[in-house]
């Protein structure tokens, strides 16, 4: 049962990821990314991480991807042009990436094998997560606020229209 | 819920695949926004690993890590998209191959 | 202050007096005259201070004197360790002797950025003295590298047409050469735990350095390369003509007079001192290179149309003598090598000054531009002749003593070295006298040369001490050899296996 | 105090609330964040003219307060926030370094802001917040926190790089930095995930203990590889260096000064912890190669560079290479050499960028070598200052750069990395060429273009003097700094829960042997 | 026991003169300059005479050593300023100071008009200093000071009229050729140091004296001897290094007389004689000396036949006469060599001074074809030169007869070949010397009435017709003429040989049987000399048209002789040109510039090219950068996996 669900969600994930690469219009890519994320949420559920799954859908698929689509719309991004700016990317990057992934896959398989080991009781009740988040990981949690502050400021600075303060440098 | 009978390595392979797709996307896509999406794909792949390992080790830290990754991803998205807008304003293009003023 | 307490800090004083002067000079307002006078005073003061060294030097004593040894950096174990022996003593004095002359010769010829010029000159002096006085390998390297910048700037800022090319070439060549020495120094430190020359030497001699036998050849080469570039030994010499031709007169004087000696001094002090075994093994090809340098340098000098280039190539030839003497491992050879260093410093320094004087008047070094100058400039011609003869190696002038001893030493080592080397005395006569003839004899071919003025007061003050020194060194070399001889003898003690050679003549 | 008071009355809370000491141990971060927020809040309240000066002053006060806070922090070493951060000499060293860099950068920016007409509020706030991240990186011992701190410093850098956003170059620089930075972060993160998978922990100490207890799982090797890729990117080591020149060229000059020093130093701090605490020996070979490659590639590429900023970018790659040489060397002298190097490099590079940013003028128009021609004559003091920094970068005696290089190569030689040392010293020799080109242009060429020379304002003067003093101080009296670095290195190695290093050939020796046998 | 002679004063005196004139002469009057010069050269002559007197009256025993000061000390080797006087050096001392003083006097008149009057006397005194150092040296190295120093003085004096290119070149040539000889000398010294540890005459000779003569061909002493001979060849203008001496005639005539005839050029002979201990034990070296001497004597004499420049004739004659001296040395008759050295100093000095007087008389003309019939214009010069010619031709009882005959006799004892060649040379000598005499003084005056050679300054008081020189020039001529007449008499009955016996060893007892032979040979040589005279009379006095016909008949051979066998040209083609061209083209242009420097610059360019390539990695494209990262990480991962799974 789990395996079937895993495979189903996994198929969506793989399909979505490949589709993201295959699609030439960014909107389509974004939509396939949303599919991937949704499917991943399913995988999280399978792994017993309900809370993560929920956040995945809300924050990731919801908020972040909406932002993406918003920007795509804002910039009125059209279809991708097939320029060849980088031969290196194809000649060096992709083979490199393939070798890397094959190696990692091999390591992963060697590390955990393919036996269907039950991976344990689901450890993800929100309460325990909260305990962790607000106690053990209190500092990172608080520091995140600085991160978000920076992000906000950055977004404001970079995306605001350049008419206000600086004017034209002459 | 009942214990999972899916091997850990399947999750890890899926996670690796997503990560690899992200890398490939970065390498072959021309649209900056799509490239950025590829990065998100990579992060998602990593997240899957975290959750899988968390389940494997019975350690919630992995799941907590995912939250932080999501926050970071959100922050990155905000800043990144702002940067993309800024680039679009100055260069009138989203094709990454044409953003190459600075070179050599 | 009593002489004893002065003796204990004299090296520090001598070394850093010019630097202090240079720093003070920075604060002085840009009034060229004041700056010149100040620089002269500082350099003279340094010279007077440095005279303390030979005056109170215990000549019969071979070891290091005026020693200061204070920890500077604890880890790595760097000491402020300075001392001189009969070998370095004279090189220090040579430096302090030449610098005031450099100031004098630059009195009129440098009229732009005067302040910078003299600051650089004084900094250079400190670095040069430091090279000769430091006994800590780190300190040595420190000063060694420190000479590069002021010299490169002197060439690059105050030089002639292709100054940038020359400055960069000089800098890069010596820089790259010296990094191998750095690697060797680091190896020694890693395996001995000390930068102290004396300590390392003892450890090596005592066989207490692990892995030394395997690395020794490389270490030898590491040091050798840095020094060979500096000497410069054939085929590492091509930076020299360029650097000399483009350098301002004072730069050339110090470059030929002192900087090149850093290389030979290093060979003598470090290659021979630390790696006697390897020095002996490698002597044959080093001496071959030296011989090539002697003959090749002379032949190429002979056909140079440019006076400064000619003198530069003659330096290649002369320094070949030094290396030949050093690697003969004979008392005479080493004494001679030391003496050639000093003599070459004086006479080639003088030649460069004289060339510079001519350049100031005619803005060219091309020999063909001159001819018949002995008539309008008799004093200049006479001074030039004295220096030329010193360089040619006429007995009773300084060049002869060193060359004779070197060749005698080389001959004792292997007859063929002495014989081939001795051809150098023919070549030097050929190229220098030919040049002298073309510049001073015959009728005047360029009318402008008729109007050239003879030596001015400052120029006399700069050139004549050189001529006088050349004469004194030729007549009374014993004043120098008295201190050199025991030091050289001590330097040769590791080679004591060949007893006959060492204690013999 | 308050905490104590709370503890008396609500004993149950003691367990859950952080102790007072915990706050002291992140005091600099707190102070900097507070000042960052003050700047941020004040910005809309002030008009353009005032804001630049006042906010700059506040930011300056903030960094100085941060330095003061560091002093307090240094007084109470130890763990805080449930093994999240650790205050020891090591982290104090980098705190001081990073905050001092920020101070100088703010001083440099003072003039730059006015000339470039950049909005001051966000700028200073971002610097302060970024410094929080960098400071945290050096004291964090938990991968989660390291990751967050890394992101803070990165994201603020991305934004700062794009601050001249009406300039296409600046936006592009920002974009490149951002995309590649995120890309590399993903690698780092994947490495963290794999490390978590291999050990079940994200705490560095725990990871190291787990790894020590048995044979190191293959997964950990891969994890370290991924983490190295991420950090290698941040420090600009070859082959992950490609972003540096482009980003440095486009970003505002003072920010380049910041980027090339502070986040790098912090990333090096993280790398030091990861390399030496999570001790997976094989990474030393990788570092060996990366070091050699960085030095060579950085130096070679810089040869023909005509843009000074870009030239300095390549130089920073080369310097990352020298630093990695120290990493490849044994822990003992290697760590302290690396720490000394970061400090010296910060002083001289920041100084160089201070001059560059002053000289660049409005819109950064004057950044090519041609513009520097004749600078020695038109502006002798500035040229002399730049010359000293460049000489230090070359590694000429009497400057910090000399001792930095010297220590690094000394460490390498101690670890018997003879070939790496030779590659290093040769690079040091060859690399002199391009710095020399600048000096040559300044002093040995006459100006061909009309390049305005502005008077040097007080703040910049202060910054230059600070850098100059630091550079020369490190060049003549390296002892105290090095001694401090050595102590902290000792501590770092001691606390890493395996046998003491310098006494026992166990760790250092084996590393050395492995590395030596392979190379 | 000798009281100190203060020999060091002897060289120092002329040095003082040189210094005073050199530094102050420019601002002094000619009178002051001449006073100084004459005072110092006179004083030194007086002192030499005083020393000789003391020896004569037995208040001085020879050899005499005097130590002055340290010079070079290196390890156990030392060479100090120390002086040595024995009969040999005493003879040299007297000759050098005596002839030197006379020539100083002569020069006052000869150089009076020269603008650089002071410089001339400064140089001349300097020469005296070095020559006396050479003569009085106690060791080879101090001798070498003098040896090189006279070379310097010669260089300066030959190039005295330096505005003339030929003079400057000749000076340089003299110095360089001398240096080539010195090269051999130096090597010999190195051998001495290496094997005997010293250069002191006493020590060296004491070590060598016990050694047996070496068998032919090999051996240390042979090598030393031959190398010393190389040095002597340079200084004393022997084959193959004689080429500088004829050119040296570019110098003022008193210089030719003093340096290039009477004193300096004989230094080689002196040195070889001084080293007789070595040569006596190295028969091969001795043979080499003899062969070189004989060949040079003959060879130079043949060139002398065809020369038309009066000084060139004398120059080749000098070379030839020096050959005689070496022939003597080679035959082991060192005292004969020295005897000839002395007499030659008299008559050749006289000849040169006479030639100078002639040149002076005809306003600087040196070509004999433009002279003739001068005996009535300058009778004193004619008279004195005539005596000298008789002396050099070997007409008894003049000086040359005795010394030359001694040499020929001693040569005959070694081998008749030497004797024969020597005899033929004597004939040629007699011929060209009388040729010179006839061409110059007999017949009609062929010179221009007013001459254009105003460049030398010594003829400024324009010439109506040839005129006699002033007394200041004639007196030295007369004194030398007297010496040429009578100087040979000291050799009668081997008295000269006996005088030098303490140096060279006792005179061999001459067997009675050979006494007749000696007389016979003497007669032959006198006959030959007269024959030469007759031939010269025939060709250049009674039948003056004959020489041209003979020259035409001989054609190419005559041309070869006129052009001195093209030796200069051959040297130029063989050595000078290849050396200069080779150095320019191969060493400098090819090796230095094209190979070494290009390699250096190419390394730099190569680095720049590589840099350019490396820069192109930096394409500006983000995807490429990502590719680098990806590929790099793949490598890192692969490596780590490999390491981990090992």
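First chain written, first letter: the chains are A, B, C, D and E, and each begins at residue 1.
The definition used in the following text is that a contact is a pair of C-beta atoms (placed from the backbone, for glycine too) under 8 Å apart; a residue touches a chain by one contact, two chains touch by 3 or more.
Everything quoted here is computed from the prediction, not taken from an experiment.
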Both-way neighbours, i.e. chains that touch chain D and touch chain C
E
If you apply the touch rule, which chains end up adjacent to both chain B and chain D?
A, E
Graph separation of chain A and chain D (steps between touching chains)
1
Min distance from chain CA centroid to global CA centroid: chain C
Compute the centre of every chain as the mean of its C-alpha atoms, then state which one is farthest from the centre of chain C.
A
With chain centres set to the mean of the C-alpha atoms, which chain is at the far end from chain B?
E
Between A-B and D-E, more C-beta pairs in contact link A-B
Nearest whole angstrom, what separates the Cα centre of chain D from the Cα centre of chain E?
78
Let me have the rounded angstrom distance from the C-alpha centre of chain C over to the C-alpha centre of chain E, please.
37
I'd like to verify one number: the distance from the centre of chain B to the centre of chain E, where each centre is the average of its C-alpha atoms, in whole angstrom.
97
From the mean C-alpha coordinate of chain A to that of chain E, what's the distance rounded to whole Å?
101
Residues within chain C bordering two or more other chains
172
Residue numbers in chain A touching two or more further chains are 85-86, 89-90, 93-94, 97, 100, 103-104, 107-108, 110-111, 136-137, 140, 144, 147, 150-151, 154, 156-158, 162
Using the touch definition from the top, which residues of chain D touch two or more other chains?
144, 148, 151, 155, 158-159, 162, 165-167, 174-176, 179, 183, 197, 217-218, 221-222, 245-246, 430, 433
What chain pairs are in touch here?
A-B, A-D, A-E, B-D, B-E, C-D, C-E, D-E
Chain A contact footprint on chain B (complex, rising order):
1-14, 16-25, 27-31, 33-34, 36-38, 40-41, 44, 47-48, 51-52, 54-56, 58-61, 63-64, 66-68, 70-79, 81-86, 88-89, 94-98, 100
What residues on chain C touch chain E, complex-wise?
169, 172-173, 235, 237-239, 296, 299-300, 302-304, 331-332, 335-336, 372, 374-375, 378, 389, 394-396, 400-401, 404-405, 407-408, 411-412, 415, 418-419, 422-423, 425-426, 429-430, 433-434, 437, 440-443, 475-478, 481-482, 485, 489, 502-505
For the complex, give me every residue of chain E touching chain B.
615-616, 618-623, 626-627, 630
Applying the document's contact rule, which stretches of chain B touch chain E when the two form their complex?
23, 26-28, 35, 96-97, 99-104
Provide the residue numbers of chain A that touch chain D in the complex, in ascending order.
103-104, 107-108, 110-111, 135-140, 143-144, 146-147, 149-151, 153-154, 156-158, 162, 165-170
